[in-house]
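Encoded as structure tokens, here's the structure I'll be asking about.
Each chain carries a letter (A, B, C, D, E and F) given by its place in the written order, and its residues are counted from 1.
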Amino acid sequence: MNCNTTKTMTETAASRARVAVGPDVEIVGITPAWGVASAEGWYDSFISAAAVLQTLETLPTDIDGVVMAGFGEHGREGARELLSIPVVDITEAAAHLAMPLGRRYGVVTTVRRAVGQIEDSLTTAGLIDRCAAIEDTGLGVLELDKDAFATAEAFVAAGQRAIARGAEVICLGCAGMAGLEEHVRDRLPVPVIDGVAAAAALVETLIRQGLSTSKIDSFATPLAKLRSWSA
Amino acid sequence: MNCNTTKTMTETAASRARVAVGPDVEIVGITPAWGVASAEGWYDSFISAAAVLQTLETLPTDIDGVVMAGFGEHGREGARELLSIPVVDITEAAAHLAMPLGRRYGVVTTVRRAVGQIEDSLTTAGLIDRCAAIEDTGLGVLELDKDAFATAEAFVAAGQRAIARGAEVICLGCAGMAGLEEHVRDRLPVPVIDGVAAAAALVETLIRQGLSTSKIDSFATPLAKLRSWSA
Amino acid sequence: MNCNTTKTMTETAASRARVAVGPDVEIVGITPAWGVASAEGWYDSFISAAAVLQTLETLPTDIDGVVMAGFGEHGREGARELLSIPVVDITEAAAHLAMPLGRRYGVVTTVRRAVGQIEDSLTTAGLIDRCAAIEDTGLGVLELDKDAFATAEAFVAAGQRAIARGAEVICLGCAGMAGLEEHVRDRLPVPVIDGVAAAAALVETLIRQGLSTSKIDSFATPLAKLRSWSA
Amino acid sequence: MNCNTTKTMTETAASRARVAVGPDVEIVGITPAWGVASAEGWYDSFISAAAVLQTLETLPTDIDGVVMAGFGEHGREGARELLSIPVVDITEAAAHLAMPLGRRYGVVTTVRRAVGQIEDSLTTAGLIDRCAAIEDTGLGVLELDKDAFATAEAFVAAGQRAIARGAEVICLGCAGMAGLEEHVRDRLPVPVIDGVAAAAALVETLIRQGLSTSKIDSFATPLAKLRSWSA
Amino acid sequence: MNCNTTKTMTETAASRARVAVGPDVEIVGITPAWGVASAEGWYDSFISAAAVLQTLETLPTDIDGVVMAGFGEHGREGARELLSIPVVDITEAAAHLAMPLGRRYGVVTTVRRAVGQIEDSLTTAGLIDRCAAIEDTGLGVLELDKDAFATAEAFVAAGQRAIARGAEVICLGCAGMAGLEEHVRDRLPVPVIDGVAAAAALVETLIRQGLSTSKIDSFATPLAKLRSWSA
Amino acid sequence: MNCNTTKTMTETAASRARVAVGPDVEIVGITPAWGVASAEGWYDSFISAAAVLQTLETLPTDIDGVVMAGFGEHGREGARELLSIPVVDITEAAAHLAMPLGRRYGVVTTVRRAVGQIEDSLTTAGLIDRCAAIEDTGLGVLELDKDAFATAEAFVAAGQRAIARGAEVICLGCAGMAGLEEHVRDRLPVPVIDGVAAAAALVETLIRQGLSTSKIDSFATPLAKLRSWSA
């Protein structure tokens, strides 16, 4: 489930997810019909969250689990209330795979304004304790594809700053970076993790183990009430 | 700025805000044109946040500050990016007034599912350290008005549970409770705070002191990009 | 309530407080009859706390609330036990107004030894979580007035260090700095907050809302016993 | 890699791991040649850690990853230094799968003395923040198999205590409990997670994604020196 | 250094300290010439801190170290600034001896209002992490001696509450309780620590090892300035 | 109790311990019969812990207390379960003596890989809160004696880095550094603490006060079971 309306990013993320799961798993990329071309900051993120949740209301019934493919974006807990299938966010997934690999992990993201938002997302997921640094490249989400070389350069520089602050593993801090790990892994002395691949594998694992969202208390099914999606 | 579409709640909140500010201050109650009849849980909250932010995009230019009148609801940081005037959320405002009055404070809210959401909101605002307890009454937002006596009974019982857990001040945990403090203050041995009144007074104070949101880094004005609000 | 015996600082603080409150509010500056000419460090702070508390024992009965005008100084909780009217400390007040304006705030204070003391004061007030930095100017409390230009220079330099550490709002870290914000606001890219003005406004707000210190448990009225104030 | 010398527990754990991974994955159960019949407390755990690490020194070269199958037991970080393949501990793995399913998780373990040890293990793994409770059944590791009914009864009772303390997901707190989840899932209103299955799936995922332990700083290969394993 | 003006308490504390140190160590009990008959709460504590600090200004030059004998009372950091000899507070000392003996410790103190103050003292000393509970007996400082049996009963009951909350060691939470440990040790299943004895031994140890307060930054000698101790 | 098999280090540590205790105290240096020549990192530490615990199983009955002389090494809690006499680890002991001397302390250790391990040891001991920095000299344990001058140089440089990060007291971060404090104290502006001397004095104090490990819950005597120490 892409968090923005840019279909090429949906395709990129879906293709990375396909590599991460078993041959018997079908990945369907979904793009919200409205929202933001890219999510950069809380304002975009809250618009994105609503668009994503409305999209998930009509999720095909044969879907067994959902990857929320927005790094640091909102909506995660709402999707858990709405759905009875597993929901994994790429922000938390990257941390879940990073933590067994090194003492502390770092995140390299896009623009400065995303840093605090990612920090909030990791904090509310209970995963901030071992996050050594969240560094930005200064590149906007839609700039990442413009110049693959410059993007890799900026990523490596930010990754080195995170390592200097104690990171022993680096997470790609944007769904739009999926695939970039292949170009930077040989240039950084630590493992580099793609949250999209991580989340796809975690959803597959939860499904195989017959596990899904706890429906007591926090993520119980939403109460019936009047809701409207536009004026 | 009400977080839901129930106009009577907008009026209640606006009337409480009016009592809290100086005679020269005009309070305008605003209701989003779409969204949820009441916000209870993350799912509702994310819909609410988008509706509120779209509403704030066309805020009259003569407004000097905004009260976000949803207890524990999302959108706060997005409004700070979007606007150049002060934005205060009733969740944080209640805590800001509670903390100088007692060693720890408690929150009494509506339904169980709101508890974790309020905890997240206080955590990301940096105000959770002195929160002793968040207790629910079990009453939905729209049930609060149905039976004033039963609501007061349920509030007092939950307040006593919060006090037993260390709270020395109690915050009304829902904008729809505004005014209830007058009916429970004589039945609880601690101060009872209405976040709507608290936020209105804080916005007035910030305006009088010429203070507004910091626009470096986290809450800089949103980047120009393609955004749409419905399919 | 000034924390030291320097009457000119009482006047400065009182004049800043007057600007912060409504026209119907009267501000009375009070100077302790004994204690320290300036409070710099724990040793001074504890002398100051006792002198302030003795002064507050004979507070005129027509006073409706108290501003504790010592940044990081002790006494706050003792005044809450002693009095039945609202008591707000400028240290906490500055943080309460700073937090809604930016993701993290910083404090710029006088001498190095005050840093740990301010950190303790914000910690015991439950407000340290969003404090990014406490920086000192190296100027003693009584040096602040000597050379307005040099003081502003030192403040701006320390403020920039705090911003580099993540502060998005800066608090004046000494009552003696009240007024300085007007000279530095245009030289720092973030809001600058005066704790004296902040505390005066918060006390006014608490009074208007009929709120005062919780008298159960922590801040109950002191027990009757033999107390003496000098050998 | 079982943490104790009880071969039947190695078999149970291996069989659970097999269910959790793809058909192309071979699981080899390994039992240390010396150590403790069961690990219950720090004393046993440290003996176990050394025995496990000595065993791992001669790990067959065709092994691609290791599951450390002792809940709360030591050795995890040492194995990461020693080996260049992924190492996942069942304690952390259970938490990694639990956290996306509910707001907080709980652990139900064997004896009281294991509680603090599990708390330390989750703390040093950076995963304690969302742990609501660690409850013991009072049953020793080797008692778990004696009476399946009594074990399930004790587990359900302890699980309900954890839920009352805020857990929305429950983790089996002992490798010897593997399989028990099938008997208790219908008696507890929350997901129940087996750390052995969780760890096996995480190791498989890390291998598929070409990820392994970061070898800079903390988990660099041990330095060459004189080491002996017995008097 | 007693924190209050009750000479019998000075003698009790001094006698307990004598038991705790080597035969070559002389203990001199000092009582402030003014202040509070007993310190119970912040208000008393701040008066006490000033009286104690004034007394320490004229400390005989042949004193080699100071025990601050007020549990949870203020003044500790001020004494460290003022003096060049080691200063140990009984609050922290009790925790320093308790922590190597059990996973978590508890404190049993006098009145309810002292609980928060002790929590602050342990927090600013960096020792709160392993404090499981601070329980009060409801007995005032000067009531402790009235009925030895009733005091022991109340202490044991409060100690059992602390154990139920996770304490594996109990600290006497008042200097006036010194000696009580002998009457309750056989009635509680955990070690019971007297902070006075603990602090005396720690001061002796620091002196023997040639260690004293660090005089850089926080506890540098107070600046020269005008200070007065009474109107 | 040395953590490694290097007898000269046992002697050095024992000689430092002798200086720290009263004339009536006999110090017996014990070296494990197997294990690691030096403990550097978790892998070594876990081997060391088992060797130390096996050695402690046959501790002479006339020993009254144990110093665990490995800085940051494992085994501490296991020894507390096994023995009924006081057990103090030099890591925690150094912190216990450092904390009353300055606002924050730092540790200067040997190699980079020891840093995280020491951080874990201080964290699980509840003493990390006031640890400002753990810096490494880059010198291995067995290199410390090679060139006394170079070792002192490296220690002073690392100590200055710790001071720059806020340390007001420095702890020797390796038992093999015992004695080094005498060569560096005049070159660093802060107290320098030897954990071996600190732990010896703390054990002596606990014994004199009739205090020993709490045997309820966490550190109860190990359960009877089959344990073997080698294949």
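Definition applied: contacts are C-beta pairs under 8 Å (C-beta built on N, C-alpha and C of every residue); 3 or more make two chains touch, one makes a residue touch a chain.
Please read these numbers as outputs of a predicted model, since none were measured by experiment.
Enquirer: Expressed in ° and rounded to a multiple of 5, what is the rotation angle of the C-alpha superposition of chain E on chain F?
Expert: 180
Enquirer: Can we say the copies chain C and chain E touch using the same residue numbers, with more than half in common, or are the two sides different?
Expert: same
Enquirer: Distance between chain D and chain E based on Cα centroids, please, to the nearest Å.
Expert: 43
Enquirer: Using Cα averages as centroids, what's the distance between chain B and chain C in whole Å?
Expert: About 27 Å, centre to centre.
Enquirer: Please output the residue numbers of chain F that touch at least 2 other chains, ranges allowed.
Expert: 103, 116, 217-219
Enquirer: Considering only which chains touch which, how would you classify the arrangement: line, ring, star, complete or other?
Expert: It is a ring, because the chains touch in a row that closes back on itself.
Enquirer: Output the circular ordering of the chains, read from chain A in the direction of chain D.
Expert: A, D, F, E, C, B
Enquirer: Using the touch definition from the top, list the residues of chain F that touch chain E in their complex.
Expert: 20, 22, 86-89, 92-93, 96-97, 99-103, 125-130, 163, 168-169, 189-191, 193-194, 197-198, 201-202, 205-206, 208-209, 211-214, 216-219
Enquirer: Would you pull the chain F residues touching chain D in the complex into a rising list?
Expert: Chain F residues touching chain D: 5, 33-38, 40-47, 49-51, 53-54, 74-75, 77-82, 111-113, 115-117, 120, 123-124, 140, 142, 217-220, 222-223, 225-231.
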